[in-house]
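Two complexes follow with subunit A in common, the first pairing it with subunit B and the second with subunit C.
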Partner chain A sequence: MKTPLKNSSTLLALLLLMAFVLPLFAGEYLIHIGVLVLFYAYMAVAWNILGGYAGQHSLGHALFMGIGAYTSTYLFTRLGLTPWIGMWLGGALAGLTGWFVGYLCFRYGLKGPYFALVTIAMAEAAVYLVNNITAVGGAQGLEVAWTGSAPLLMQFDGKSGYYYVILVMSILAVWLSSWLIKRRFGYQLVSVRENEDAAEALGVDTLRVKIQASIISAIMTALGGTFFAQYFTYINPRNVFGEGPSIQILLFAIIGGLGTVWGPVVGALVLVPVAELSRGWLGGSFAGAHILLYGTVLVLVMLFMPNGIVGLYEKLRGKMKSYRSSNQGSEAS
Partner chain B sequence: MVFSFELFGQALVTGILIGGIFALISVGLSLIWGVMRIINFAHGEFLMIAMYIAYFLVVKGGWDPYLTIFVTAPALFLIGVLIFQSTIRPILKDPSMNQIMLTVGLSLILQNLALVFFKADVLTANTAYTRLNFFLGPVVVRGSQLIAFVGSGLAAFLLYWFLQKTETGRAIRAASINRDAATLVGINVRNTYLLAFGIGSASLGVAASLMIPFYYTSPTVGLFFGLIAYVVVVLGGLGNFPGALVAGLIIGLTESIGASLLPGSLARVLTFGIFIIVLLLRPQGIFGGKQK
Partner chain C sequence: MLVVSDLRRDFDGLTAVHDLSFTVEPGEIVGMIGPNGAGKTTTFAMLAGFLTPTSGEILFQGKRINNLKPHQVCKLGLTRTFQIVQPFPDMTALENIMVGAYVRYPNTTDAKHKAMEVLERVNLLHKADTLGKNLTLIELKRLEIGKALATEPSLLLLDEVASGLKDAEVDNILVLVRQLNKEGITFLIVEHLMKVIMNLSQRVIVLDFGQMIGQGTPQEVSRNPAVLAAYLGKEEE
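Moving on to the complex of A and B:
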């Protein structure tokens, strides 16, 4: 069993406090990196519910990010609807799509690489579909018009406002993710991942829990999509539906530790700052330097620590424990 | 868009010719996927590298594009072997998702190395073959595409013959059917995998040299061809060479006829639609049935 550190709640409280006061001391650039860390942590937590807990690896999660980003942005730019409401409409649409994708794939028993391929194909199809819908800007995409500082329209002067929005979203996502995994639903998801036939034999409705995980994950990802659109103020089919965002959504969950509550957060926390700094330093002469870093880390992690950072930490802790207990045993005898 | 028989004839010819290239790109993936059950998500990026090699030989070295095959194919074989030894071999027994993630990582590395070295520019090699056109009535047949089609057919046939008729080919097929049984009858499965990965990569070298007179190269060119290769392999059935040829033609025709009927790039939605339906209903491919 995973027993938390004795002082882990103190550590957590300290980190949270630091996260909340960061914008008071940090400059715009540092806050920007903070926003990116939190955004990718949030997306990875959302992906992890289907990909990590239930073990169904979607390689096309940008489909949901795109739906969220496009729905709220379209409603905002064309009808003036605030993204605070638009994001939930996008979430609803993504949830419906998540149900549809989950139902189709799991009903036909798609697993592993075949599920991954279908999700890629769906996201790619969405790229080309939206490319050809002129009402949402086609390949040009949509620009979120700057209306000045308007918190009610999810637009802030400076980066701190966005930082707090994504901070709260991330906290809620981690809370939901850790709450889900402790519930019956969470155990059912893990049982599906570990041994689907056995879970089925024990009476778990595997089709239903997989579809539910798909819906929850899709809604959360779409809400993140709205934030992405508001923060970067520009979206196009490639940068919200494409392969790039699909991979970035799952990257940090895999590197941090698949199927764990904190893995996705740790992955983003460790990797995003390094990547952003390297982009800042090398970006002028070496476009793509940060993705190069992501690719290299991904390959190394798969080769040498396939359970990610959190998995490695737990393994080391387990070894320390057994080492200590064997030492105590020898002293006693 | 007005539909006419000329337009349809043109789409038919282009679709068949492009379909041949799609098939050649896919047989390499099919071989690797079929033999070691690993989907190489860097397949398209291997092709991209081969296209850069061919491009520079043609443009900077003044080579005949078709002579570059003698460099691109061995180079890709070598790259394939090196990448297999260093990264794929250690994870052969890992869960399929780790294998996918590793090759996704490889594709990110290759794509962005290309971006670093060659910048995002789209490069086209203007060769003597590029403007070689024949006319079948109102239909234009591009000479470079015709050569690519014939060359693809030849290369795919050669590979098929090698797998069916030679001792080494039989060993590769045996290892793909049952790894343990192959080991028992004295086949060195490790070397067989290495060879299959090398050959699967080398076929992309051939494809790249055939394509360079009529197709551009850029760091992201592999993205599209990689996806097309997954579609063709699944449609034709895993490890099924004749199936891949037919599937290549089907997708080539879908793309070209779709492009003449549908506005913009909507034809591609059709391609992915077919892919999704086949994955859902017949993941063993349209000709499958023997495989479970």
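Moving on to the complex of A and C:
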């Protein structure tokens, strides 16, 4: 529940400043990595509200990403509607879907692995459904037509425009996430994760808060989906609804620190460069070597930091604290 | 305050609670005893909204609460503690209690204020920043009461709140319950420790095989032949 780095607001301001000026100095490739880091940080923060705070591990969050990506892209390519508006329509549709999935699962008490399975099934069903809808391109997907530099259509010349869009989205997402966790809603979400029966006995409407978390998380994820479509200018059912994005999103949250405000950001910040750089260095020499390295890093992190990077940081900080106060005679455990 | 009439709960052909009727008046401390499997826990679960009765009726302050969920019952002013303590392990003691406080104080500042008051009440102020998983059993038992207190109940159900504690710790809990009762909270307690029941309750309800086999003051109940038979076995051999 504690927000680490809270006291180090100067550090935060410095990092923000660095993030804002990065495109002025960096080349296109580095900015591209920056975009990926921010995109996955954003998505992981969105996932974390349902998966981390409320402890409901969705393994099919690509469902919402796909809804966002497809809604805005369809409206853009077929009707010329700017993605700046389309993304909110996608968000609304995803929110509705998030409500439906949440209601369906939580109303009937699905928990843990059972909830996870249903979310996988939903996302997978969406892949096949969209595969067969020719109006949205079927299995071939949709291409976002390049119209030149047009910020009003969320299209930019070069990568730094996209970089700033996703930077602002990430900042807003972290702000929302840290705001939520400090309020009644946040406490209730965490209490549901920690002990649902006890939460109910203390007046928490567990069904309602879980569904609300599902809706918020779905809307945020869908907005990210629109950004994904605009940045990569191509989507197909597998790459936005598929298991790939579903797993990646939650990986960063888990590695960084489940249920913490900054965990998802830290996870993306550490892992995305590892993945990208190792692909650049090793991709040419040994086929698959970079995936091996990436996998090794994941295993090591999980082995030695079961609570993620931020979890380890908090534990060390807690140890320091109790070490200091143990001099005053308080117990060591 | 609480009127229970003809309450019944079946589990797949097994009747755990059978035509149970009793009342709890405002300001009372009522004890509920009975051998293992007598239906005490099932009764508690129904009163607090965790189980729906098969038939019968539960009236709390004139409202029928049979089909309400626990959080709704809690908002009406009836809540419970759990026999096996149920803390939120990764939240601090303060945060644990704040979850309960939020029921009456939606604003975080107010909820925190209320929670600090409660922490002091249950003598956990010095543990405010300790995580639930790092508290000792006696602290967890007090936290369990504190969480429930924070919801400002008018009727509090205590499920074996003294079990597993040392003598001095049990005395602590007794003092706390009596104080809270003086301040206007009504209690229904399930307890195996006779010391607790005999000390606290003004009235005792005795269950066996899901039915009430006797009630009265602690002294009356301890002389009731049916109750003695249930506890000690019938003198047939």
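Observations on the structure shown:
The rule we apply is simple: the second predicted complex is superposed on the first by the 298 of 333 C-alpha atoms of A that agree within 3 Å, B and C clash if a C-alpha of one lies under 4 Å from a C-alpha of the other, contacts with A are read in each partner's own complex, and residues count from 1 in each chain.
The rule is simple: a contact is a pair of C-beta atoms (placed from the backbone, for glycine too) under 8 Å apart; a residue touches a chain by one contact, two chains touch by 3 or more.
Fair warning: this is a prediction, and the values are worked out from it, not measured in the lab.
In the superposition on chain A, A:L104 makes contact with subunit B only, not with subunit C.
More residues of subunit A are touched by B (comparison of subunit B with subunit C). In the superposition on chain A, contact of A:G148 is made with neither subunit B nor subunit C. Touch criterion met: A:D205 reaches subunit C, while subunit B stays clear of it. When both complexes are overlaid on chain A, the residue A:G27 reaches neither subunit B nor subunit C. Note: no residue of subunit A belongs to the subunit B contact set and to the subunit C contact set alike, using the contact criterion stated above. On the side of subunit A, the complex with subunit C involves touching residues 1, 182-184, 187-188, 190-191, 194-195, 197-206, 259, 333. Those residues of subunit C that touch subunit A in the complex are listed here as 48-50, 69-71, 74-75, 79-82, 86-92, 95, 98-100, 102-103, 106-108, 111, 132, 134, 147-148, 150-151. Residues of subunit A that touch subunit B in their complex: 57, 59, 104-105, 108, 110, 112-114, 116-118, 120-122, 124-125, 128-129, 131-132, 138, 243, 247, 254, 286-289, 291-292, 294-299, 302-303, 306.
In the complex of the two chains, the subunit B residues touching subunit A come out as 39, 87, 90-91, 94, 96-102, 104-109, 111-113, 115-116, 119-120, 219, 223, 227, 230-231, 234, 263-266, 268-269, 272-273, 275-276, 279-281, 283.
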